[in-house]
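There are two complexes below, and they share chain A, which is joined by chain B in the first and by chain C in the second.
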Partner chain A sequence: MIRFENVHKSFGPKKVLNGLSLSIQRGEIFFMLGRSGTGKSVSLKHLVGLLTPDSGKIWIDDTEISQFSENQFVPIRKKCGLVFQLPALVDSRSLYENLVLGIRHLDAVQKLARISATLKAVGLESLEKDLFERFPPSLSYGEQKRLALARTLLPDPEILLYDEPTTGLDPTTSLQIHDLIKKISKDFGKTSIVVSHDMRNALKIADRLAVLDAGRVVDLGTPEEIRRSPVAMTMAFMEDLQ
Partner chain B sequence: MLPSLRAIRVVQSPGRLRHGPSLFEVDCEWKGPSLNVIMGESGSGKSTLLKTLGGVWEPLSGQVLFEGESLWSESGHRQNKSLLSRIGFCFQNNALFNSMTCFENLCFPRSQRRPLESETARRKIATHWLDKVGLSGSESLFPFELSGGMQKRLAIARTLILEPDYIFFDDPTAGLDPITSRQIALLLLELLENRPALTFVVTNDEDRARSWAPSVFELRGGHLNEKRHLP
Partner chain C sequence: MIHRLEALREHLRFFWMLFIRLPELFTERREFMRQFADVGVRSLSTTVTAGIFTGAIMALQFHLQLKDFGAESVLGGLNTSGTIREVGPILIAFMLAGKVGAFTSAELGTMKVTDQIQAVRCLGLDPISFFVVPRFWAVALNSILLLVFGLVISVLGGMIAVWMVADINPDQYLLMVERFATSESIFLAVSKSVIFGLLMGHICCANGYWTEGGTQGVGLAVKKTAVQSMVAIVLADFFISWIVEIIVRSGDFL
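What follows is the complex of A and B.
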């Protein structure tokens, strides 16, 4: 379980998290929605120690990580895989070299076996024969996103954190990525936290959704509850769906 | 003369590799001020096509003709400067100058394209455009101090401040939340209503596309198909 307890975070005079409190259950697909600058990505970064809260507490399972040191975050980062908004692949390295970044401790046979299974899971099995010859720029943007997801999945993290995974993708590819998030979460029992602006797909695959405004949760519920919500910010996000 | 744009067998490859496979071959003509929305799957080459039509990149083969004239010389240089000054391009990542204030970002293209314009006139028009896109009061801020929506407004103002006859917008609402995205879509419509031009917008967002035009061009399988009506 993941829990934020009254978390505050400011950058200079700008207050980004302003008493964020929420809890996410194991195995859940949890969406965080809200306008740009409301602290969605900032919350994710706190979970992997890229940011430290000014005050408040953050828990992963029974461990309070709020003020962890770099060393203490090592096992946490093995537990949490972060899928960045941009694919963040290394363009000068082959697809294989990109994929093995998080599994360097395995031997060659183990690496290839795991890569093969993971590429199949993300629908990129056609790339398997060209892994050593091809480089990220030769892939479409949708394929790059999938490859980045495969790279995050390879070390087998328990918790997957997605930072706007479908920004810049067409509706069909966007739907495919969301279906993939659901499949991976359900097939492998992963906890998934997805930061997104895409209410349409969020309502399709989320177990629960939180709407953030000004650094705190203003609405929280299942897709059905969110659809009927009277909260102004939620209604504004739903406007395109009418 | 009314703006017109003709693409004659325009070919581009992924990564613009000289000997790469063809990404698309486009034959199409647009005449007079209009708003043309281009959609297509990720990786189909929408942004590449827009950059090729808008004179950012030279076609691998074929020709892009503005009122019958090409922007490019035989040696691959953009030689037609008078034509170039009539084109406005708004990039997906905004491409603002982070070392310049909002005000300077707007003055810069005017100073480059209209060097004889007086400083007073330039400052007056920059102030006017900041006001038009709702950024009055942000004159002295730098782009990195702005939200995503504000950066997009500034990028739009910088595109339109040259009063172009040909305008190209590359996914102007990508990465914005739906509320900001609707505001930007509306702003574009308002601004274009007062500035008749031959305009092209690439987008992945069907909701926004619907607000701009009843139907769209679709880039699929390397061809630009006229026109798909949106449901």
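What follows is the complex of A and C.
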């Protein structure tokens, strides 16, 4: 289970998280929605130690990670895989070298077996024969996003964090990525936390959703509850769907 | 002033960290070899061009001065000494800083602003060991080798230039090289090459790794690398020359 308890974070005079409190259950697909700058991505980055809260507590299972050092985050990062908003693939390395970054401890046979299975899971099996020759810039943006997801999945993290996974994608590819998130979460029993602006797809695949505004949760519930919510911010998002 | 001192302290801390992480090159040896080959191949033409023309320009200038005194016989020696001691290292280092330094800074900066560095960190790897250490040593060692190579080329450049323009025989040119290009000159040239190489490697990696703020940040990092490299090279040039001068005057040298 993941829990944020009254978390505050500021960048200079700008308060980004302002008493964020929420908890996410194991195996859940949890969406965090809100306008830009409401602290969605910032809260994800706290879970993998890319940011440290000014105050408040963050728990992953029974471990309080708020003030962990860089070294203490090593096992946490094995547990939590973050898929970045940009594909964030290393351009100067081949597709194979990108994929093995998180599984360097395995031998070559194990690496290839795991890569093969993961590429199949993300629908990129056609790339398998070119892994050593091709580099990320030779892929389409959608393929890069999928490959980044495969790279995050390869070390087999228990919790998957998606930071706006469909930004910059066309509606069809966006839908495919959301279906993929659902499939991976259900097939592999992963907890998924997705930061998104895409209410339409969120309502389709989420177990629960939180709507953030000004660095705190203003609405929380199942897709059905969110559809009927009287909260102004949620209603504004729902109106955009009409 | 305090801000500048803090920046200097950060640079020193970063440099020391890169230095003591030398053993990590073994873990990242493939990346180091790739970077080393890349930097070397990419910079060879620049080094050859810079070396030939630095030597040639210096030789022609010396020739203009010496012919009035009928002292053309010492041209080879004087030119070689002047070039390898002073003008050669600085000009070649400037060119390498502009090419290799700017490239490395832009590459690391782009990795930073496109989250490649954060992504590697999230996969449990240390981005300094993975990205920065191999680049620092590849740039530093390559710069040292290229500077020394460029200086050798500059001697040839000077020899060819005066042969073509002033009709001075290459044998005659080389005759005085040994007498003027003393062990002290060579020591000075190699010292400068080593220090300039380490400075260039550090400055481009530090500015690249510290890039903030999107594409504008990358531009700023490249600009900082160019300016800081050149200032650092000029300052280092002065201090190395000064220290070697003190050593030579003390009479302890070789």
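Going forward, the second predicted complex is superposed on the first by the 242 of 242 C-alpha atoms of A that agree within 3 Å, B and C clash if a C-alpha of one lies under 4 Å from a C-alpha of the other, contacts with A are read in each partner's own complex, and residues count from 1 in each chain.
In this section, a contact is a pair of C-beta atoms (placed from the backbone, for glycine too) under 8 Å apart; a residue touches a chain by one contact, two chains touch by 3 or more.
Worth saying up front: this structure is predicted, and the values here are computed from it rather than measured.
A.B. asks: Would you check which partner chain A:151 touches, where first means chain B only, second means chain C only, and both and neither mean what they say?
C.D. replies: After superposing on A, A:151 lies in contact with chain C but is clear of chain B.
A.B. asks: Give one of first, second, both or neither to describe whether A:36 is in contact with chain B, with chain C, with both, or with none.
C.D. replies: A:36 contacts chain B only, not chain C.
A.B. asks: Where does A:90 make contact in the superposed view: on chain B (first), on chain C (second), on both, or on neither?
C.D. replies: second
A.B. asks: Between chain B (first) and chain C (second), which, if any, makes contact with A:74: first, second, both or neither?
C.D. replies: Only chain C; A:74 stays clear of chain B.
A.B. asks: Identify the partner contact of A:232: answer first if only chain B is touched, second if only chain C is, both if each is, neither if none is.
C.D. replies: Touch status of A:232: no partner.
A.B. asks: Considering only the touch criterion stated at the top, classify A:101 as touching first (chain B), second (chain C), both, or neither.
C.D. replies: In the superposition, A:101 touches chain C alone.
A.B. asks: In the overlay, answer first, second, both or neither for which of chain B and chain C A:171 touches.
C.D. replies: The answer is first: A:171 touches chain B but not chain C.
A.B. asks: After overlaying the two complexes on chain A, where does the chain B footprint on chain A coincide with the chain C footprint?
C.D. replies: 85
A.B. asks: In their shared complex, at which residues does chain A touch chain B?
C.D. replies: Checking each residue of chain A against chain B gives 34-37, 85, 137-138, 140-143, 164, 167-174, 197, 199, 236-237, 239-240.
A.B. asks: Provide the residue numbers of chain B that touch chain A in the complex, in ascending order.
C.D. replies: 14-15, 39-43, 92, 147-149, 171, 174-182, 204, 206-207
A.B. asks: Using the touch rule from the top, collect the residues of chain A that touch chain C in their complex.
C.D. replies: 48, 50, 74, 77-78, 81-82, 84-86, 88-92, 101-102, 104, 148, 151-152, 155
A.B. asks: With touch defined as at the start, can you tell me which chain C residues reach chain A in the complex?
C.D. replies: 107, 110-111, 114-116, 118-125
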